[in-house]
Structure formats: structure tokens, C-alpha cells
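A, B, C, D, E and F label the chains in the order they appear, each numbered from 1.
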């Protein structure tokens, strides 16, 4: 068992309790997708691709009153220590659902009846917080696809490690720590659209943890915004 | 190996050779189903729920000349000694088919073209004779759903244990006995609509066994009738 | 490890390097299929049945500009030494695809828009070269179904065994030899419509091997033609 | 619609004939279609048979191989019967997972062999609770023209009768094949399945495809060499009277005797 | 179309009532529906419970049996929770593989029990890394009328509390049941799941089926006996404000206390 | 309909250009698109590569872990190649079980590596018949723009070349990882896959997506470092003449030499 924190509050990867891992986002990395993004978030390496709004297959899934959103979170066989079976696990199906519900509030699906927007996320290398990183990439890919959005969605986890509330839980901290709370917000509207918790928190820790995660989301938002600005304004494209 | 019968003809659960286990049936136990019944038959505990006549999904299964009947017999994971995988086994698929074919003669499906009647049976706890008990509950649930029927369907097994023909084979007798013959009849019309046999019978024993089972069906019919009367007349409902 | 060839160039089953195994083909062996053939090719025993042109199920697969061809290559559980799981393996799916692509050039599918021709091949007993034998039977079955064809399709493998190029690789030679090259041609048009290679060949050996295989295909063609003539002309049927 | 009219016409025709004691193909009501059994058709299998029963045709192969016993059945070898209707056997069969009809077919064939105790499974144990011999009996219907139950059952029984059981020795707790030593399967009785259909008030033996299309109900009864009734399955969307069920059991025994003689010639 | 209008009317009605602090079925906003818990309903299982929560009804069975540990978790017994909505529970549920909704349901119930560390899994080891006791908690929804999360969770907790753990001895490295000796499950804390919905600006506890149909978002929070928050799942197609999330955690604790008293009576 | 007209126009255009020895994207007939190979892109894998081949892009990861050998192949390690077209790579790909196209893709890539005997599998045995090292080579297509065969093959070969094989010791008959000790994979030769298409009478190397849409037939030929031909797969709905097949083999060898040089730089 690794020591997760020094007495000086330095974490096993050298970070302070309130420090994010390195994040970089590239926009428009795929040619076939209508929108795409690649994120490196700590050791997470994740691709997101978006298609749509487009016709729904199979047709009976189409809704004449509104567009629908589909989301698939998938891990590559080589993304984790032990080779993963390529068939989707129950965990991946659940995460696909919570990601969809985290993105949906940011979209205006009523404007695109009878269509579908497909969000495909591929985790090429997984680290702690892969669902948050996936969401960060997916939101940017939706924007890159030119889909009208009320707001971006920015995600980051907080947690409890060695009895302290920390920002952005990594893999070791997730597995041996005391709690992990992934959170996503629409940063301008201020709503929390994804939230989960595994682990044990007192009511006070719960509040601190939530505020810490939201702080992280706001920092992530800046990285997302910069990535989009870089593609659409500074490089002069589009 | 248990001794299945004493010299005095007393069976391992204390019954005489011509004696049924305790049976109780409750009608209308589910709120969402159009009709339902709960049966306890020995240690069997089985729920039946009926929906329909209703539109068929997928549509291409609909028949414009007649209604169709579908039946699903399913065992809960905790219904048997060794935990059962929740996915339907080949045995469950076969029993679903024979139950459907046992119920179908009692229904007037031609009157409901393009629709389906769905019968769902859940075995919460299994004992010998679960398919008969399932059928008894399903027939009552169909009546409870208000579906016009030519007759009820009443089922009971007979079998051969310790060289004697016995009524209503229990779990131990099914596993260590010599033959098990589940039978269902339409009690007023007099037709046998379900019949199976596993085990070895002489031609004479075959006839006795069949008559014994039918006798059991007639007793079961009284229990079914009483349960329906109780709901629809005595309690003043409907 | 078997000795695959004597110093005199005699193979483990007694054949010379340029010698085919025994082949026999019977046409029209099935009553329900629109066309059928049974082939014995060495120890291969293979049935082919053809249905169509007929309506496509599911309908969305139909193409209004052309007919489509479907092909299923399947091995019986008892066809190989170790009992085979009846569910189609990835190998069987791949072979189904290459057989379809080998037969398609011989058909005039544009003449039958919105329909499907189904070719079902069942390997009852497998030996080396089962995909070639399957193709030989399937082509005859298509002809037997009265489907207009540009040409037959005739298939035979060649390979490298004990450093020599040999015709028609058997099971032992396939498993312990140096190369196996299944080939199919349209014998009158002269095109190669199936070709695969597993094993190591020099460029010269590659050419020799291909020519050897094509020689075998031409011999097979004579057997196919004779089988069809026998059914349709000599026996006076049709 | 038109097809429904044609079906009705065919049913009327069949019923009309039955009143005169006749059937569409000229058979008596209790007469099976011609049966031919050929064994050894798949030399690579441990046993095999090709059965033609009227226009229905089935190939069955038997594979014998070491296996682990089922839990709580450590004193018995493994017996598994399967059946498949190949898509080349029938224009209406599609490739894919087995339908409920095919699952019933396989399970009824299996029970006919299992419940008669045709094979003495106790003789197939190598190490109790650990290692046994498994017998896999796989039937493929290659032409489907009615009464697949009996055709698959006859092909399965014949394939078993024609089979040879390889010998296995235990080495380091694992079974090892002893080359060149085989034995006959431990057969105790000969199961014969007889399928009958009820059309109106008539019971007919061995229904053809046309008769199956308009039958009211179906019954398959398997008897053993001692003249006992060992397995039974009612099918179809209507029922039987008790008298009919007794008559069916008598038919199963009398018709079964003729088939059993054919099996005896294979032993 | 018409149904969309009806939905809108119902939503208007619900919102109207909420402004007055009321709900369609007359409950207060922080009031759960009546809960009855009956245990021991499946005597063949090692533990069982039938929960009626309003019109929602769930039966849960617990099976305890020896198993191999998960790799890298050789010092812990196995805990598996599943949930299923039976097709007789709901006209819109079809038989077949679990939908993403059902997978989420099962996983949220599982995490509620796992993350609170309700059961001391270390006490379920027979031989470290080789043989452990597995606890399977399977919930079947038999009537579906809203808030399946809490109903399945309560039934699962109650079924565990009512269960008896058989004793196993190791013989020849394999676990063997010791007849007649059982113990209580090693329970360390009592998890209580509380599900809430947001409709407009209102937070309501234990949404009914009608309320679920028009809720904006959903949250399930599980607390333990020590008053900690141990598992949480946000669902639904919209979000929550931070204030709402804090309020929800307070509701989960206060409402949870009442439910936990019911559980204590089962111990 | 309109799309059929457009397809015909595009085919006419492509054929017109081919008559002048030209292609839509300006390449010579025997010219591949630009290829860039980056290795080590997935540090958690034992080997990995990202290949851009024109607009087609593939990421391959190699996982090395102990496994049981295949029956009757107890003197060899395990080698498994898979390929997947991710749904984000192509608007027409749907999530779900692999189609026959994808199965063929994976099997052709696998055979290219297996039949050339690139990796000496005999060096991957830990205990004969009991314990071996398995090498899993999984390719994910992330942008699909033609000739996935070669792109996946190049990425697979590069990922293997970049990989490190961990050391395992046998303890109590089970393999245990020796931390910090790794070796190069036992590579014997460098397989190069070259895919060609026939359009009319023209053979073109490395077809683009547009060229694939109107090609008559396809062929993939894999050669080894010694200049031998080791694996071949014909595809597509028409055939080749013998002369074309000979020409294709020559092209595979000449084009392969250039690619092999790129691989050599990775060693």
C-alpha cells in the first residue's frame, strides 16, 4: 500500500491537495466526425467524436417532438493494466448513461426533432477520473460540431484521501483513498449536471468536497475555452 | 437418499398417495398488470401477470387474422437451491412454450386480431410441479384480466414413487422418484392441454397416472374457482 | 510429426504432387432447397443449398438497384476431431464472406433487383481444403437452382509441402506443411475470384503454386460439369 | 388472405379423406412414411447416421470426449443431445440462435434417450466427481418435411448404436486416449419415439408437413424395449381427450415395435 | 401529441400543487410513501424480503454460496447485487437483456451497500486468495410505481439483515457445507438510500411514477448509521444547483433516520 | 438514385484519370499515401503505435500477460490480433458486435503477423503445456479513410516492435511478474502488408476511400524481410486475371521494401 500523502500534504504524484493534474485539449482532431476533441488529463488519454444532428437508426427510436442524444463511453482493450474485453461492460453502460444525462442539459434538442446527436467517447488510456475527462472532451467535441449549446459542460472530481479533501483524484487515490466524487457543471448557468459519490464523507466534508470539485470544474472550463478559441479564432480556421 | 415412502404408503412430506399439497391462490395481487394471481402450491411460490389484448411489438409479429398469445416462464435467481443465472435457460424456454400451448385452447384469440396477450410467470420459489402451479396461476390471471375464456385451465402432476402412482409429485419425489407426469385440463370441456412425462411407466400405470393427475386437476380447479369467486363476488369488488 | 513426402515424391495419402483427391458431386440432393449439391472431396463431405431469388428479410437490407447475395459457411458440431460449438466462429464468418465474393462475379444480380439469393453451405465432415470444396458445391447448387450465371466457379488449393509445390493440400499437409493457397476461378472467363495464402513462398513458388491451383480448378470444373450434365441431360430429368 | 383460403381448402380435403380412413399421401392413419437408416456416414465422428423418413432427412453425429461431470452428478458420464434445422433444409428457417421450436425439438429428443436410460451413464465415469466421458449427439435436419421429432430421434439412436467408445486412461489425474482400443456404447434399451397428430377427431401417426400445418395438436411418446412408456410431450395449440391419449400410447407401442426391429439390426 | 398535452397538463397540476407545498397524492414534499417490509418470504433463500413502498413492490432474495475471490481481492468475500424489473411489473418493460436504466438501478443499489461497507467482507474468506463466501442479493421488481432505487435498496438491506450465513469447512482445499450451523451476516452499518426529485425549484422526497414522468432531475443519496454520506447518484436530463444538492444531503440524512429505525427492528 | 448517378460520375472520373496514369489525389498508381508512425503513445500498454496513413488513422496497443496455451499448442505462446473500427471513425459504423468486414480485417492483420512468423512464439513458453506468455495486439481505427488493412497492419507491427516483454518467474506452478526486468520481443522478420485494388484494368496501390467505393476487387499481400510472400487475401465482388495477380505480388514486394525501412528505424 502506497503512502497517499506526506505530512506536508504532498500527494503521491507530487501535487498539493488543491492542484489539478496537467490537462491539454485539442479540438477537431478527427476528419470523419462532425466534431471531435482529444484530451490528456493526467494519464487519461481520451478521444471524443460527435455526429449529428442526423437521421435516427433504427427509425422507431426517433422522436417527432425532439432530437435525442446518445452517448457511448468505451475503453480500448489496452487502456488499462489488465487487458480489457472489448465488449461493453456494465460499468461502461452506466457511465454512458450518466455522461448523456450530464451533457443533455447543455443542448437544445427540441430544435432538432426526429434527429439524433451521437457522442462517442474512447478511452485510449485510463487513469483516475476518466469519466470527468471524457465529459470534458465530449462537451468540446459537441461545440466543435457546431451544435447550439446553452453552455459548456466542465467536469472534475474531488475526493477524500488521508483524511483530507483533495481536488482531482488520481488512480492510486481512487483505489486506496476514502472517497471519490465526480462532478460536472454548466459553468455559466451554474447547474451541476453530473454527480456521483463512492466513499464515506461527513456532511461537512460533503459540502467541502462539492465546492472543491466545482472549483476544479471552473479551472477545466478555462482549458476547454482556450482550446476552442485556439482552433476557431487564433489559428484563423473556419 | 431419502426414503420416499413408508410401508404404510405415507410419503416423505407426510402425504397419502392421493393427497395434494396445500394450495392457496390470491387474485389481483399486482397493480400494473391487467390481471394477476399469486399461487402457493406446496413450497412453490409463483406470480402470474397478464397484459392485453394490446398492440404487438415488434409490429411484424402481429397477425391480422387473429390475436396471438405469448408466454414467459421465468425463475428468480433465488428460487432454487443453487443461485440461478437470471438469463432464460433452455428449460425455461421450453416450459414457456408448453404453457402457451396449454393456455391457448382456452382463449378465443380470433376475436382480437392484430393484438397480443402476454402472460408473464415468475417462479419466486420452486418446488416440484412448478410448471403446473405456474399454469394454475396464469389461467386465473387471464380470467382476472377479463379476457373471454372458453374454460379455465387447471394443472397438476401425478407420478410414480416407490412403485406406486402418486398425486402431485414434490421436489424430492421428482428428483429421486420413478416418473413425473404434469397434466393440464380444461375442466369443463374435458380436454387435456398440457401433458409431459419423464420416467418409466407400464401401459397400465400410464392410464392410472393420467387419471390420477386429472383428478388432481379437478381439485385444483375448485381452488381456482374459489379464488376468483372470492375476489369478484364475495368481497363485493368489481 | 508425420513424414509428409517420401523421397520419390509420394505424399502421406499416397498421391503424387500433381494429383487431386477423389471428388464426387451429386446435384439436386435436397427437396426443399431451390438448388442443391453434395460434394465429397477427399474426406470433405459438404452440402450446399440455394434459395432465391426471393424477397429479402429483413426488408431494409433489400437494394432496389440490384439483387444481393448472402452466403453462410457452417460446420456441423461433429465435422471435426474435437466437437465444434454450433455457434458460428470468426473463421466461419470470414470464410462465408470470401465464398460470397468468390461466387458473386459469376452471378448477374442486377437482373433481380430487391431480391436475395441465399447460399447455405454445411460442412458435415471437414478435411483440408473445405472452403474450396464448399465453393465447388455452392456453384453447382446455384446452377441447379436455375439462376443465370456468367460461368461456373471452380476451386482448388495448391500448397508447399516438403519444399515442393503440390496440388490439393489435405488436412495433414495443411497443418504441418509450409503453405496453403486456396484458389477459385471462373473457368471460361478465366478470372480468379477467390485467393488466399497462408505460409511462406518465394516469388517463383508463388507463380508455380497459383498455376498449379488453377490446373486443379480446371479438373474440378470437369467434375462439376459432368455432375450437372448427368442430372439434366443423361438421366432425362427436368 | 388467399393463402388462408388455400389452407382452409387443404384442411377440408384432408378432413374429407380422413373420414374415409385415408390420407393425402395414401397412407393408412397409423402408417409411418418409409424409413431408411444408414450408419457410419461421418467416419470422423465416433458414430453417425443419416435417416430419411419420407422427405424428411437428418444427419446425426456422435462425438465422445472426456469432460468434467455435472456438479452433484459425479457418478455419471455426460449426455448431451442437440438438434438444429439447417437453413438449407427449409425456406422459412433463418440462421441464428435457436427458436423455441428448435429448443423443444432438441429437448424432446434428449429426454427420449435420457429417460429410457438407453445409455448406462454410470459406465462412463473415469474418476468419480472429477473426470467422465461425455457423449454429444448432434442432429442436423437437412430436409424438413414434417415430424422432425421422430426423424431426429431415430437418427440419434442409430448414431449411438453405430458408435464406438474410445478408451481413456488416467495419467496425472488427466484422461489420456488409449489409441486403438474402443468398445461398444453401454446400451441398455432401445428408445423409440412415435409422434402423432390430432386433426379433428382423427389420430394420425407420423404427420407430414401438410398435415402438421393443419393439425390441432401433437403428441410424441417414447417407449423402451420392455414395452414401457418413458417420455411424452404434448404440443400444438389445442388438446386431446383422455381416450385419445390412451389410444396414442397404444399406437406408440405398436408402431414402436416395428422401428425397434430396425434398430436391432444395427446392433 | 394528445399525450404530450396531457403530460403538460399533469405537469402544470403538479407544479401548481407544489407552489402550495402539496403533492398529487397528498404527501408533504419531504414525506415518503408508506413502507412495509416483510422478511423470510422465500424460505429456500438464505435471506429474503418483500417490500411495499407505496404501490411499488420488490422481492429480494439472498443466496450465500462458496466462490472464488476476484483477482487481487483475495482477502474479501464476494458481494453481488442485481436488480431486475420483471415484465409483469410494468406494461412497458419487455423481456430481454437489461436496459441501461436497469443496469444503473442495479449498480446504484450495489454501491449503496458496498460503499457504506454494510457487510464486513473480510469475514467471508475461507482460504485467502482461493476460496471465499459469496453473497448474491437479487432484487425483482414486481410492481413498478416509482422510486425503484429506494425500494430495491430497502428490500436488499432487509433481505441481508434477515439472512443466515451457512458454515463451510475446508476439506481437500474445497469448501464443504457444515449442516445445521449458521451465523448472522457480519453487518457493520445500516445503509439507507433516499431518492429525491427536482421539479422546477422544488425538491421532493420519494417521487411517485407520475412525478418521475415530469421531474427535471433525480438524486439518490445513501447514508450510513454514523450519519455519513456514502454514495450518491445524480440522474435525469437536467441538473441541480449547489444549494439544492446540500439540501438533498440534509433530507437524505433526516429521512434516512426514520428508515434506519425500521431496519433496526429486523436485527 | 441521385447518389447512384454521382457514384457513376465519380467512377467515370477515376477511370478517365487512370487512363492517363493518374489518380484523384494526384498519386502515381503504385504510390502509397504518406505514412507517419509514432510509437509509445499509450505508456500503460507494453507497446503501442499511432499510424496516420493518408487520412486513415489507427491506434494499436500491445498487452503482454501470462495465459494458458491453446490445447495441442503447448510449446507456443499466444498471439491474438484484433481490430475494431470505432464508431467515431466513420459515420456509417454503429456500435455493436463486429461485422463480417471487421472480422475479415482483424483476421487478415492477424495472419500477416502469424504466417510470416514475425514473433518467435516458442520463446514465450513458461512451462510447456501449462503456462505461456500471451501477446494481445488490439487495433482501433479512429479515422476511416480507406485501406484499413495496411494501416492496422503497420500499426500492429510498429506496436510490437516498440513493446517490451516483462519477465515472469514460476512460483508454485503460477507465473509471477519480476518487477523491472523486461526484454525486447523475439522478432524474427518484418511483415509488410500491401493492399491493392483493381479498377477496370488498372491496379492501384493503397486505395483511398473513394477508390474503394468503386473498385472491382481488392488484394492484400504480406511479404517478409527475406522477400517471400507469406499471406494473401483477395476481396471484393469481382476477380483478378493471373497476370494481375503476378503483378500484384511484384508490387507488394517493391512497395513493401520502402515500408520495411521505416520499421527498421523502430527497432
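Going forward, a contact is a pair of C-beta atoms (placed from the backbone, for glycine too) under 8 Å apart; a residue touches a chain by one contact, two chains touch by 3 or more.
The model shown is predicted, which means the values in this text are computed figures rather than measured ones.
K.L.:
What chains, if any, are shared contacts of chain A and chain E?
P.N.:
Per touch definition, common to chain A and chain E: zero chains.
K.L.:
Quick check on the contact network: minimum steps from chain C to chain F?
P.N.:
Minimum number of steps from chain C to chain F: 1.
K.L.:
Considering only mean CA positions as chain centres, point out the chain farthest from chain A.
P.N.:
Centre of mass proxy via C-alpha means gives D as farthest from chain A.
K.L.:
If you average the Cα atoms of chain B and of chain C to get two centres, how far apart are those centres in Å?
P.N.:
One centre to the other, that is 52 Å.
K.L.:
Please report how many Å separate the Cα centroid of chain A from that of chain F, as a whole number.
P.N.:
So the centroids are 32 Å from each other.
K.L.:
Quick one: which residues in chain E touch 2 or more of the other chains?
P.N.:
Answer for chain E, listing residues that touch two or more other chains: there are none.
K.L.:
Can you list the chain A residues in contact with two or more other chains?
P.N.:
Only 82 qualify.
K.L.:
Chain touch graph shape: choose line, ring, star, complete or other and state it.
P.N.:
ring
K.L.:
Please list every chain around the ring, with chain A first and chain F second.
P.N.:
Loop order (chain A start, chain F next): A, F, C, D, B, E.
K.L.:
Would you tell me which residues of chain B are touching chain D in their complex?
P.N.:
Touching chain D: residues 65, 82, 90-91, 93-94, 96-98, 101, 104-105, 181, 185-186, 190-203, 206-207, 210-211, 214 of chain B.
K.L.:
Mind pulling up the chain C residues that touch chain D in the complex?
P.N.:
30-33, 36, 43, 45, 47-49, 51, 54, 57, 72, 74, 76-83, 86, 88, 118, 120-122, 124-126
K.L.:
Which chain F residues qualify as touching chain A in the complex?
P.N.:
Residues in contact with chain A: 41-45, 48, 55, 57, 59-63, 65, 82, 84, 86-91, 94-95, 136, 138, 140, 142-145.
K.L.:
Which stretch or stretches of chain D touch chain B in the complex?
P.N.:
On the chain D side, the touching residues are 4, 71, 100-101, 103-104, 106-107, 111, 115-117, 219, 221, 224, 227-242, 245-246, 249-250, 253.
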